[in-house]
Each structure stands twice: as C-alpha cells, then as structure tokens.
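After this come two complexes, each holding chain A, first together with chain B and then together with chain C.
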Partner chain A sequence: MRDQGSGISSPSYAFPALAVLTAAALAYAPVMIAQAPVESTMLLVQKIFYFHVPAWFVMFTGAFTCGIASGIYLFTRSRNADRYALTGAELAVVFGLIGLTTGPIWARKAWGIWWDWDAKLTLALIVWLTFIAYLLLRRYGGPGSDRLAAGVGLFGAANIPFVYYSVNWWRTIHPKTSVVPSLGPGMRGTFWFCVLAFMLLMTLLVAARVHLERQRDRLDQLYLAAEDDL
Partner chain B sequence: MRIRRLCWCVLVVLVVWMAAPLPMTSAAAQERPRTADDEFLPIDELPPDERLPAAPFLIAAYSIAWIVVVGYLWSIWQRIRRVEREMLEVSRRIERGSRAPGASPGRTDHEPGAPVSRRSTSG
Partner chain C sequence: MTFLATVWLVVRKDLLVELRSREILYTTVFFAVSCVLVFSFGFVRDGQPIDGAAAGILWIAIAFSGTLALGRTFERERQSETLRALLLAPVDRPALYVAKLVGVLVLLLAVEALVVPLVGILFQAPVLRAPWTLAALLVAGTIGFACVGTLFAAMLVRARSRDVLLPVLLYPVTVPVIIAGVRGTAALLQADPDAAMARAWLSLLVFFDVIFITLSLWVFEPLMTE
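== the complex of A and B ==
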C-alpha cells in the first residue's frame, strides 16, 4: 500500500487486524485480573504484578531487540537493523518506565518503602538509563552517532541477564524468579494472558515505530530528489 | 612490663565500651511499643494509622501504565502524521518544479548553491 507520488505507505495489511486483536486482549486483561484469586499475604496490591512483570518482559525484549539489531548494524550497516535497534531502545525506555513506576507503588504497600538500593532495583535503573543514553545519543550525537549508539545498545542488552538473575545471585528484597513458575492455577492463566496482551502491544508498537523510520527515510530520499532537481 | 599493663588496660576499656550499650539498647527496645520496623507483625496487629489501603496503589499503578502506553502511541501517531505531511509538501514542490521549467522545486527561501534543508521533523 503505497502512494506513488509522495511515497507515503501504510505499515502493513496485517496492522489493523493486529491493532484490533491487541485492543481486545488489553480490554479483557483487567476482567481476568479482577477475577484472579487474591494473594494471601499481599492481598489486593499483588494484582499490580499482572502489569508490572509483563512490562519488564517487553522491556527485556526491546533491549534484546536493540542489542541484536545493533550488532547486525555494526557488522552489515543494514539500515533495517538500525531501525529495529532504535525501536527496541525506545520500547525498552517506555516499558522500563512502566516497570520502574509500578514497582515502587507495589513496594510502598508490600515493603513499606518506595525504593531500596538493592542489586535488582539498582541494576534495572542502570539498564533503563543506558537505553535513555542510547536515545539521547541518537537524537543529539550528530553524524556517526548511530555506530556509537549501537555500541551502547549492545552494552545495555548484555546487562539484561544480570538484572533478571540478580535476585538469585545476590541477596535482595525483590521477589525471586521462582515466583512465576510457582503461581497458582487461577493466577497463572491471568498472568500469561497479560504477558500475551503486552507482547501483542509490543508487536503493534514495533510495526508502527519501524514504519515511522521507513517514512523518514523516504522523506530523506524526497529531499535528495528535490536537491538533485535544482 | 609497663607496655603489657597498658595493653591490658586498653583491652579492658575496649571490651567495656563495646559491651556497655547492649543492655541499654535491649532495655530501650523492651520499653518501646512494637512497630512493623522492628520485627514481623501480622497486619491485624498494626495500628490503624500504619495500615495502607491497597486500592489507591493499585489504581495508581494501572493508571500510570495506561497513560504511558497511550502517550507513547499518541506520540508515534503524531510523528507519523508530521512526516507524512512533510512528504506530501516536498513531493508537491518536486511536481511543481518539474512542471514549470526553470522553476526551483525546493524551498521557496532556498538560495542557489545552498543545500536543501532536509527532515525538519526528527526525534
């Protein structure tokens, strides 16, 4: 779907179907969360978990996307890989923000404090700041910043396993990775449904964001064509 | 001999100094009322002013998540619209330029020899 004159195109034929599916999943997720059993010790506030953990899953996926695409870009200079790297970094920042705000809200009720400088929380903040650095580098770094940013993206993605396993390696107050496999039947279904809804949302956002970068490249080509005509 | 005696004195002073606060702190701890900071307390035994209602936290967390997602979607949409508007504008200029021989298809304020400004929308 492309307008031959201006080069404007829509993302894909599958995009509207994906948008409807994502909207339906996100609309049904709160119903499932409301129906899920209440946890015995944390009670109602435990339900933050159904958005908090999937947000981190998307953040990690975005960070890995950025890292892998940055690696490909460094070796092949593929413009498409660069688009995915930028998209992954943006998603890592957006969903990291959700994780870093919903987490302290849960902690205030569950732990009695908003924040603790333990290994898990501190590493998560550092990784999030790394991807903010990536985006700032892309925005204000000038010529050649795409390669520098690719290095930062690789470094950020390499930190993700440390964030995930930090609760098992060091003594932290954050719940361990064993929480998800040990969920009760009513909670497990709700949790994985929320993960699915967030992953659909991530796919939709990736499609839209990559489309934006493609349009920007076409705009650059149009300006070059205009320059050649002079 | 003197040095040995001095060492013993220093050792005794150190031991007394380190051990002295122990009975005081334990006595002080006994006098203080039990709070959630010191040890595990069942939620029913907490004073009412220390109990936090869960619903506002839950609502705040979900609201923030939705606001961030909707805000990000809106920002992508706005950026796409801006780029597409600019694409239409540039393609119109090119068309105008190709129709009128000798006319400049670039910006109207473009000076000969200067590069055409590209991508006014970024970020």
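== the complex of A and C ==
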C-alpha cells in the first residue's frame, strides 16, 4: 500500500519544544494543585479531581479521534488516518485506565464504596471496553484487521451518545457536570491548567506514536525493497 | 436486479439451506433454553424469582444465543467459500448485508417466540399483559443487536480468532440495546407496570436501530472489500 505520509520522515522541530512545554506544565501542575484551596466538605481527597477529570477529557478526545480517523480510513484508505485511529484508541485505553484508577480511590473516600453503577462510571467503563476490543482485534485479528478495527472504532464512537443516554436513564448519582462551573476561583484556574497540561501530553503522545507507526511502515517498505533487490 | 430482489433471493437461499438442516435453529433454541435454565439457578431464591430477573434473563438469553447464531450463519458461508462468491456477484453490496440481517432476524425471532413464553412460565412473568409493547421492544431490540452483529460477524469472517472476537467486539457496542431492552421489558413485567417508561426505552431502541442500520449500510462495502 502506498504511504501517503512518507513525505515527513524526520520529526518536526516543534516536537522537542512541545515536549519541554508539556514537561514544564506537568511539573508545575502539582504545585498549583497543592496551592489550590482545600474543598470544604471533601477536604484533601478532592484534589485527585485535578488529574481525574482531565484524564477523562483525554480519553474521550482519543475515542472520538479514533472514530473519526477510522471513518476516514475506511473510505480513503489513508494510512495516516489509520495511524491516528490507532493512536486515539491507545490513548483512550491508557487514559481510561488512569480515570478508572483515580475514580474509585476518590469514591472510596467520598461515597464510601469503590464502585457504583452510576451513569458516568458505566459510560466510561463501556467506552473503555470498546476501545480495548478495538486493540484486541488489531492485535489478534490477523492480516487486514486494521480495516476491520476501523469499523469497530467508527461504531464505538457513534455508540457513545447512545451509551450516555441509556445509562443516564438507568441511574445517576455522580457529581453533576455543573461541578466545573461552580468551582471556586482558586480551584477553577488549577483545574483548567491541569486540563491544558493533559491536552499537551496527549498532543505529544499522538505526535510520537504517529511518527513511530510511520517509521514502522517505512521500515517495512525498505525490507520489501531490499528483498526485491536480492 | 433491483435491491429488494437481491435481498429476497439471498434470504430465500439462506432460509432454504437452514430449513433443510435446521442446524442453527435447533442448536440456538436449545442454547437459549439452557441459558434460561442456568441463570434461573442464580436468580431464584426459595422457589421465588427475584424482582426483575425475568427481563434480565430473557435478554441475556437473546444476546448469547444471538451471538451463537451470528457466528454459525457466517461460518457456514466461510466453510464452503460461498461468501466470496456472494461478494463477487454483480449486485449491490448493501443488499447482501440487508439479506443477511433479515436471515438472522427471522432466526432470532423464532428463538424468541419460544423463549418468551418459557420465561413467562418459569418466572411467573406476565408476558401477555401488554403484548404489543413487549413485541415491539423485542423486535426493535433484536434489530439493534442483529444489525451491529451482522456487520461484525461478516467482517470477522476473514479474521483470526473470530469466535472469541465476535462477542468481545459486539457486547460493548450493543450495551445500549441490552440496557434499553432489559429496562423496557422490566417496566412492563413489574408488579406496577409503567407503560410510559417502556415506550421511552422503545424510542431509544428505534433511534439506535435507525442510526446503526444507516452506518452499517454505509460501511459494509468498504469493510468487505479486500
């Protein structure tokens, strides 16, 4: 298959700059979190929220990236779109795991239980499982499974609103989405700074991962070319 | 050949093959009945089923036996390499998808025709209280499950470890169907039936069906092209 993205083979200069910026943002985030005012009812345990919610932002961005890129890949066969789809799914799984780890730690303190079948938890778990399934298919589906996985990625992303409505009608006790606008001034700045840091981290990981896949494809092509020469 | 003529020809072929052996129908029905039995040991205490167990068991039986039927339907096409022949035929690809979907639906609705009364008898569930709403929930839910399932089973024909990958891919995507089916049916079967709730879940199912059938028709061709 022809590689439409092979024009860019060396990493861009923006990459080191982005890496430094992300590292700085992530290094400063704990300082800001430590200085943010302590929440009056949940006290210290509330601070996990500054990493928990941004992790979910990244997970859903990854999931929708995978869905959109999968759709583009199915119809244009663009290798680049497939790389973005794979990256989106991997990020959704990794950051979903961060969300699913930090959530129960907080819930144990705030609700007294590790897990509750609340709407947002269930939604996150199902979306997470969908993208694990996507990666399993790519890993174990054999040749051609990248295109089959694109079907799953597209359906998984299209399914998110349905899962959202069905589990929402089913039940809900999660803090409302209105938590974010209702934050105190000290907390709001810290929160959005953490979101920014996580989004920078996501961009960095996407760039690195897509570059890696591109290099892999180039390597495969070089092997094939070398075999042809023999 | 028109779209509908193609659909009819493929459906008729599938049903004829099935009628001659009845392999998928018999095994799926028996599997669904076994499912109901196995789950009843978990959800019946002191001879009384726990609240809402009937709806849950009914939909689990449908989802499990549906997965089995989907896998078998396409395994038959794969074994004799007939899927390739079907795809080579100069007809609309989406027509093949619709035909396969109709075949799976006929099979699953036949299974449900047996499992629903069985659940009604074994769990003292009043399945005849609102027969039309219940039938609509079952049909809409089965279409939702089968429309995604048919697409996934068709595309997995070419994949390795397809037997285990089908449920792994299918269940997370069809969770809304299962939730809507179980909650809608439970709203009808509970001691104080809530018809408005059942209709709300039914509308979600119809919406799911429309979106996912459209998506499936749209991606069937690029997914099935090697």
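Some notes on this structure:
Methods note: the second predicted complex is superposed on the first by the 207 of 230 C-alpha atoms of A that agree within 3 Å, B and C clash if a C-alpha of one lies under 4 Å from a C-alpha of the other, contacts with A are read in each partner's own complex, and residues count from 1 in each chain.
Going forward, contacts are C-beta pairs under 8 Å (C-beta built on N, C-alpha and C of every residue); 3 or more make two chains touch, one makes a residue touch a chain.
These figures come from a predicted structure and were not determined experimentally.
Contacts of A:Phe75 after superposition: chain C is touched, whereas chain B is not reached. In the superposition on chain A, contact is made by A:Leu201 with chain B only, not with chain C. A count of residues in chain A touched by chain B and by chain C gives the higher number to B.
Contacts of A:Leu219 after superposition: chain B is touched, whereas chain C is not reached.
In the superposition on chain A, contact is made by A:Glu227 with chain B only, not with chain C. Contacts of A:Lys120 after superposition on the shared chain: neither chain B nor chain C is touched. Of the two partner chains, neither chain B nor chain C is touched by A:Arg83. The contact sets of chain A with chain B and with chain C never meet. Across the interface of their complex, chain C is touched by residues 71, 74-75, 126-127, 129-130, 133, 136-137, 140-142, 144-145, 147-148, 150-152, 154-156, 158-159, 162-163, 165-167, 169-170 of chain A. The touching residues of chain A, when paired with chain B in their complex, are 5-8, 30, 43-45, 47-48, 51-52, 55, 94, 97-98, 101-102, 105-106, 108-109, 112, 139, 201, 205, 208-209, 211-212, 215-216, 218-220, 222-227, 229-230. Across the complex, chain B meets chain A through its residues 36-37, 52, 54-55, 57-58, 60-62, 64-65, 68-69, 72-73, 76-77, 79-80, 83-84, 86-88, 90-91, 93-95, 97-98, 104-106, 110, 112, 115-119, 121-123. Residues 148, 151-152, 155-156, 158-161, 165, 168-169, 172-173, 175-176, 179-180, 183, 200-201, 204, 207-208, 211-212, 215, 219, 222-223, 226 of chain C are the ones that touch chain A when the two sit in their complex.
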